[in-house]
Every structure is written in structure tokens, then in C-alpha cells.
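After this come two complexes, each holding chain A, first together with chain B and then together with chain C.
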Partner chain A sequence: MNVFSDIEIDALTEVFNVGAGRAALTLSEIIGEEVMLSVPSLKVLSSAEIFPSVLTGKDGKFATVSQVFSGPFTAEAVLLFTENYALEIVRDMMGSQMSIDDLAEFEQEAMSELGNIILNASLSAMADMFDISLNSSLPSYSISSPQDIADRFVDNGSDDNYVLVLHIDLVLEKHHTEGHLIFLLSSTSLSKLVAHVQQYLSNIL
Partner chain B sequence: MSATNSSKHLLIVDDSKVSRMLIKAHILAVHADWIIREAATGDEALQMVQERQPDYCTMDVNMPGMLGTEAAELILVQYPEVRVVVFSANIQEAVQSRAQQMGAMFVSKPVTEKSIARALGFFTENA
Partner chain C sequence: MSSNVTLGFSTEQVVNSINLGLIVVGEDLGILLWNDWMSRHSGISREQALQQNIVTLFGGQLTPGFLRGLNNVISYGSPSLLSSALHRSPLPLYVAQELSQTPARMHQSITMTPLLSAEGGVRTCLIQISDSSNSVRREKMLISHSDAFKREAITDGLTGIYNRRFFDESYIQAVRHSKRHRSNLSLFMIDIDYFKPYNDHYGHQQGDKTLKLVANALFAQMRRPSDICARYGGEEFIMLLADLSEEQAVNFAQRLCASIADLAIPHATSPTADHLTVSVGVQTWTPDQTSEILPLLNGADEALYRAKSLGRNQVVVKS
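Moving on, here comes the complex of A and B:
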């Protein structure tokens, strides 16, 4: 899917890199240690392609946190973590002396907060760098199978919807946590996003 | 300082081409005579420093292969007179103190006129 040129993908990746850095700062302050971040990678797919490309080969369930962002463009941002890792992140956030059973009680709240931090950090970086203003809805949390997620993207989107898939690894202490950040945008919103990326690049190209 | 001073050499290390272009554009706007070279990885940077020692270096942290902080440390051990700015989106305390410990300055991304001004301040102070 060549909605963006290579240089535009590079610019957008850099925006999310700044966002992930902000998220890592907040997370490191919460869990009291350094969070290692991978180099982010980003691709644009049609909403029907999301299942084979992102969710294949994962038999477990995902913990998902989603928020709707609105401004010059509207996007639903969904953060996916594999479920077993999600509980470990919550344990890191709450303190490792808690048992997994006790933690399950806090999981929903803690994961929503984690998602809120990461999603808002990403979007605030975008708002600052593109000089726009974005509002967000409250985070909503659910445990979903890969099929549930694929169905949701297909249901929510008409045929011309796109997904921006950002892949980033967050590594906390001993746990290797893999997360995907997915943005669902209509073609109209995607065009507006492309225009903002082009404007951002216009000073240097 | 006079206009007859030889031009300074700056090495920009960043895996993002856009970041390298932004840094270069902001720096050339202030110092049009500087000679700027670019590397996309830590390994490439080390090789370029061996070929020609720069006066200044901006170093990203999260890059494919070696971390920028590792590359910066290797450069500074061999060439302590190079002024290195660790220019990163990873703004955690641990990264900032690693930069300071090796004698580099930490500047947080995004690349803007303001963040470049901080880097330039470090490059040219007492120079």
C-alpha cells in the first residue's frame, strides 16, 4: 500500500519515535526503572489486510486498549499486547510483591492507564510536531482473540478504510513485551494526515 | 573567532533520514560553512570517524544495530576532543545520565530550532 512515500513514512515513524520516548519516560517513572524501546516500524494497510499481516500466528488473546482521537483527522487508536505479557506489565506497575491472582483485579484499570499513557504520548508528539490539536476519548479495555480484533476492524471500517500499524517493543526489567499500536482511519482522515506529514516535510524538502 | 577559521566538521548520526535532513537544515541555517556528513547507524559512524575525525557529532540512540550511546562512548574514548550531543527521543533519566557520564550533552527530540540551539550552544561554548 503506497499511500505514503518512503520519506513520509520516515517522518511519521520519527513522530511515533518521539511519542514512544515520552511514553517510556512516564512508564519508567511509574515502574522505577528503565524501559528499553525498539526502533519502531510502521506500515499502512487496508483494513481487510490487518488480520493476515499483524495477527497471524498468535494463538493467545490480546489485551487491547482503545481510544478515539479527533481533530483535523479522526482515528481510533488501538494498543495490543499479548495477554500474558499484559499481566506482567501490570505487576511491574503495581509492585512485584503482589500475586498474579490479586493483580487480575487491578488489571483492567492498570492496563487502561498504561494504554492511556502510551496512546496520549504518541498523539501528543504528533500534535506538537504537526502543530495541530487532538482530543481523545476515555480509554476502553478489553481482552480479545485475534479473530475478535479482525472482525472489529472489518466491521468498523468501510472498504476504503486504512490502518496504520506501528510495531514497537517495550522491554521492562525481565519481561520482553511486544506491542502493536494500530490506528484505524478513513481514507478522508488518512488524506488529511498525509497533508500534515507533507506540510511538516515542506521545510526541508 | 574570525571568518578565516577553517570550517567545522559535523557528523550527524541518525537512522531517520528526515531527522538527519532536519538537523542539517537547522545547522546550516546558522553555520552555512560547516561541513556535514551523515551516518545511519552506529557502526557507520565509527567508520566515518576513523576516516576523518569530526569536530562535533549528533548521535541518535535507538537505531538498528549498535545503540547510539555505545557508539558515542567508543568515539569519545578514542577521540575525547570530539563534542558529542546525544540527540534522542528516548528521554528517560537513565539515557540522560549515560550521556552525561561519558561527557556528552543530552538534547531531547524532536528536532526543532530550539533543540538545535541547545546542541549548538554545547558545540561552540569555549570554542
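Moving on, here comes the complex of A and C:
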């Protein structure tokens, strides 16, 4: 899907990497260790394409944290980690001796906060760099199967929904974790996002 | 407020009765709302708090995480969470403990959300604080319970040594370890001779006492942390030791027999001796053997059977 030109993809990747940098700083501050977070790649797909491209080959469940935001464009942002990765991250962050099975109660709250930090950092980077103002909902957390997620994206409205898929690399206490940040947008919102990226580029070029 | 008339209560009453801390701060971080819950747990009255800058009010005690959350709401309109798992106690709030004890610092979960003015322009931040001390306490209790359950699940209730479940799990690991490191592995099956006549003659209570004595005596023969001794069935015990030669394994089995004989537990109805004895079947797997390692259990069991049919009170090696 060539909604963005190459240079626009680069610009948007840069915006999200600024967000990732902010989130990494916040996470380091909480756990008192260096955290590295980056967004190495980004692509736009139609919502029906999400299943083969992001969710295949993983039979396990995903931990997801999502926030809906609105402003010049509206989207649902969903952070996806495989459930096992998510538990490892939380355990690293809590620095606890607890076994993975024992984490149930705190896990949800801590994962919600982790998602909130990454999502807020991405949104604040967009707000600053595009000079816009966004409002968002509180994060909600759930454990979902790949099929649940695919259904959610496809059902959520009409055929002309798009997903912006960001690959996320998180390095935390020697653990290297990969996840995805997915923005679900309508075609109208996507065109507005494209316009903001173009505006941003025309300001700096 | 018009709802006073129709509903019979005011929003203010709700704000002050709710079991949550509520604070609203403006864009300049001045405090605009401070409910009774906050006064109770911070020791700062509403009069002292209102119009104060929240950072000044807490005199530099606010954590970076709290300030970051506040900034996210005020500057970007993004709600923020501070989980009790990652922050424990961001604000200096206290809960009363038992009488006479000093109040303890409260574990908190904090949610911050932006409130937009009706005109849409001015942003204020609503801070909700809930006391998560109870869930923290419950979590700790669950963990200690689960540790206790885990211990119980692998322990034999009567003798206090490991049970068969633990043995079965460890056996698989020990076999894997021996194959990988090409090291010997010896399995000992130990059975108390004529235990049923013993129980019939001395009674079950005495039988249980004797099982404990035997378990302790076998357990005391172990030398290395990797050695395993478990109760395998009624009067049957099992031991697994690594890195013994076949000859050392036989010597060890002889020592097991001797350690039980040394207990000198009278056994009036035993045809083999006037005291309690055991039969032991042993098999050692060595890496140069071509045979598979897995029949070790069967081999030791066969050897034990032979020891019994040969008259008990002896060691038989599976050849």
C-alpha cells in the first residue's frame, strides 16, 4: 500500500522514534536501568491484511494495551506483545523474584502502565512535531488470541480502514523483546495524517 | 447546583464521601479540589491545600513518575497511570495501622485524566488515588501460600521426604543430565521386608513411626545436593545418585541395608531376622553401555524383585 512516499515513511518513522526515545527515558527512570526502545520499521496495510502480515506464525496469545485518541485525526492505538514476552517485561520491570504464575494481579496494572507510557510518548511526539493537540482515553488491557485481534480490526467499521503497523524493539535488562504498535484509522483520518506529515516535511525541507 | 433539589445530595458530598483520593490541579499546577480522603491520609487540610502549587505543597517529595504523568495530562491531554507494581507509593500518604503503631506509607494506584473546560480551552487534571495496600498484602499472602503449596505438592506427608511426584519429575531431568554429560546414574529401589506382618503385629501407628525412621535413615545416607531420596509407594523408597561406578553403587546399597539394620527396630514376625531389614535393587547406567537409559526404573525394580525372591535382606544388582 503506497499511501506514503518513501520520504514520508522516513519522516513518520522519525516521529515515532522520537516518541520511543521519550518512552525509553521514562522506563529507565522507573526501573533504574538503561532501556532501549526503537521503531525500526513502519508500514501501512488495509485492515484485512493485518492477519497474514503481523499475526501469523504465533499460536500463543497477545497482551494488548489500547487507547483511543482523537484530534485532527482519530485512531485506536494498540500495543501488542506476545503474552510470554509481556510477562517477562513486567517481571524485569518489577525486578521481582516472583515466578511468572504469581504475577497475575500486578501484571495487568503494570502492563497497562507500560502501554500507557509507550502510547503517550508516541502521541506526545506526534503532537509536538506536527504541532497538533490530541486527546486520548485511558489505556485498556486485554489478553487476546491472534484471531480475536484480527476480528477486532476487521469488524471495527468499514472496509476502508487502514492500519499503521510499527515494529517495536525493546531491550530491557539484557532481554530483547519485539512487539508491534498498531494504529487503526479510517481512510479520512489516514489522509489527514498524510497531510500532517507533508506539512511537517515542507516545514523542515 | 440544580441537582441538589431533585436528588437530595450534592456533588460535594459525593466527592468527600468517596473512598478515593481526588485532586484537581490547574494548568499552573495550582490545587483546585482536595477531597476529605486526601485530608485524612495526607494530614493536609483542604484550606492548606487549595490554591497551593502541588509541587510546592509536597515540598519536593513528588516522584519523577508522578511529575511526568502530570505533564502528560496538562501538556498533551494524555491520561496517565501509575501502577502500584512499579511505583508503590508516589505520594506521601499514610494509612493507620494497629493502635499505637505509627501510620504506614500507603501503596497507591494513581490515574490522571485531563478535564476540558466547557469552552474546550483550559485543561485541568483530575488525579484519582486508590489505596492498593490491601491488594499488595493479598498478593504477598498468595505468594507465600503458593510457595507453601508447591512445597507440599512435592513432599510426602508422613515421612517429610520427597514424594513420588517429585521423583518422577527429577528422574527425567537426571536422565537428561546424565546423557548430556555422559555420566553414570544409579537407581536404588528399597523395600522394607515383611512390612505387612510388621503392621499386623505392631499396629499401624507403630508402622508409621517405623516408616519415618527408615526414611530418615535413608535420607541421612545422601552426600550431595543432587542426590534424591523419595518415598515411592507404601513401604517402598527410591534413591537416585549420579557419578557412582557400578562397584560404588553396590557398596552404597550395602550401606543402605546396614543403616536400616543399625536402627535395630525389633520385628518379631520377620522370617529373615529379629529386626527390621530392607531389600535393595540397584541398576547403574554408564554412558559406554549401548542400552537405552530409560529402562533404569524397570531394571532396578527387577533387581528388587530378585532380592525378595532370593530371601530378602540383601542387595541385588541388575546385570
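By our rule, the second predicted complex is superposed on the first by the 197 of 205 C-alpha atoms of A that agree within 3 Å, B and C clash if a C-alpha of one lies under 4 Å from a C-alpha of the other, contacts with A are read in each partner's own complex, and residues count from 1 in each chain.
Keep this in mind: a residue touches a chain if its C-beta (ideal position, glycine included) is under 8 Å from a C-beta of that chain, and two chains touch if they have at least 3 such contacts.
A quick note: this is a predicted structure, and the numbers were derived from the prediction, not measured.
After superposition on chain A, the partners chain B and chain C are seen to fit next to each other with no clash. On the chain A superposition, the C-alpha centres give an angle at chain A of 110° between chain B and chain C, rounded to a multiple of 10. Of the two partner chains placed by the overlay, neither chain B nor chain C lies in contact with A:D151. By the touch criterion stated above, A:I7 is placed in contact with chain B alone, chain C being left untouched. Contacts of A:E113 after superposition: chain C is touched, whereas chain B is not reached. For the pair chain B and chain C, the minimum alpha-carbon spacing after aligning on chain A is 14 Å.
Contacts of chain A with chain B, set against its contacts with chain C after fitting on chain A, share not one residue. Chain contact summary for the complex, chain B toward chain A: residues 15-19, 21-22, 25, 62-64, 88-95, 108-110.
Residues 64-65, 68, 72, 75-87, 109, 111, 113-114, 116, 135, 138-139, 142-143, 146 of chain C touch chain A in their complex. The touching residues of chain A, when paired with chain B in their complex, are 7, 10-11, 13-15, 17-22, 24-25, 28, 34-35, 37-39, 125, 128-129, 201, 203-205. Note for the complex: chain A touches chain C at residues 26, 29-31, 67, 69, 90, 93-94, 98, 101-102, 105-107, 109-110, 112-113, 116, 119-120, 123-124, 127, 133-139.
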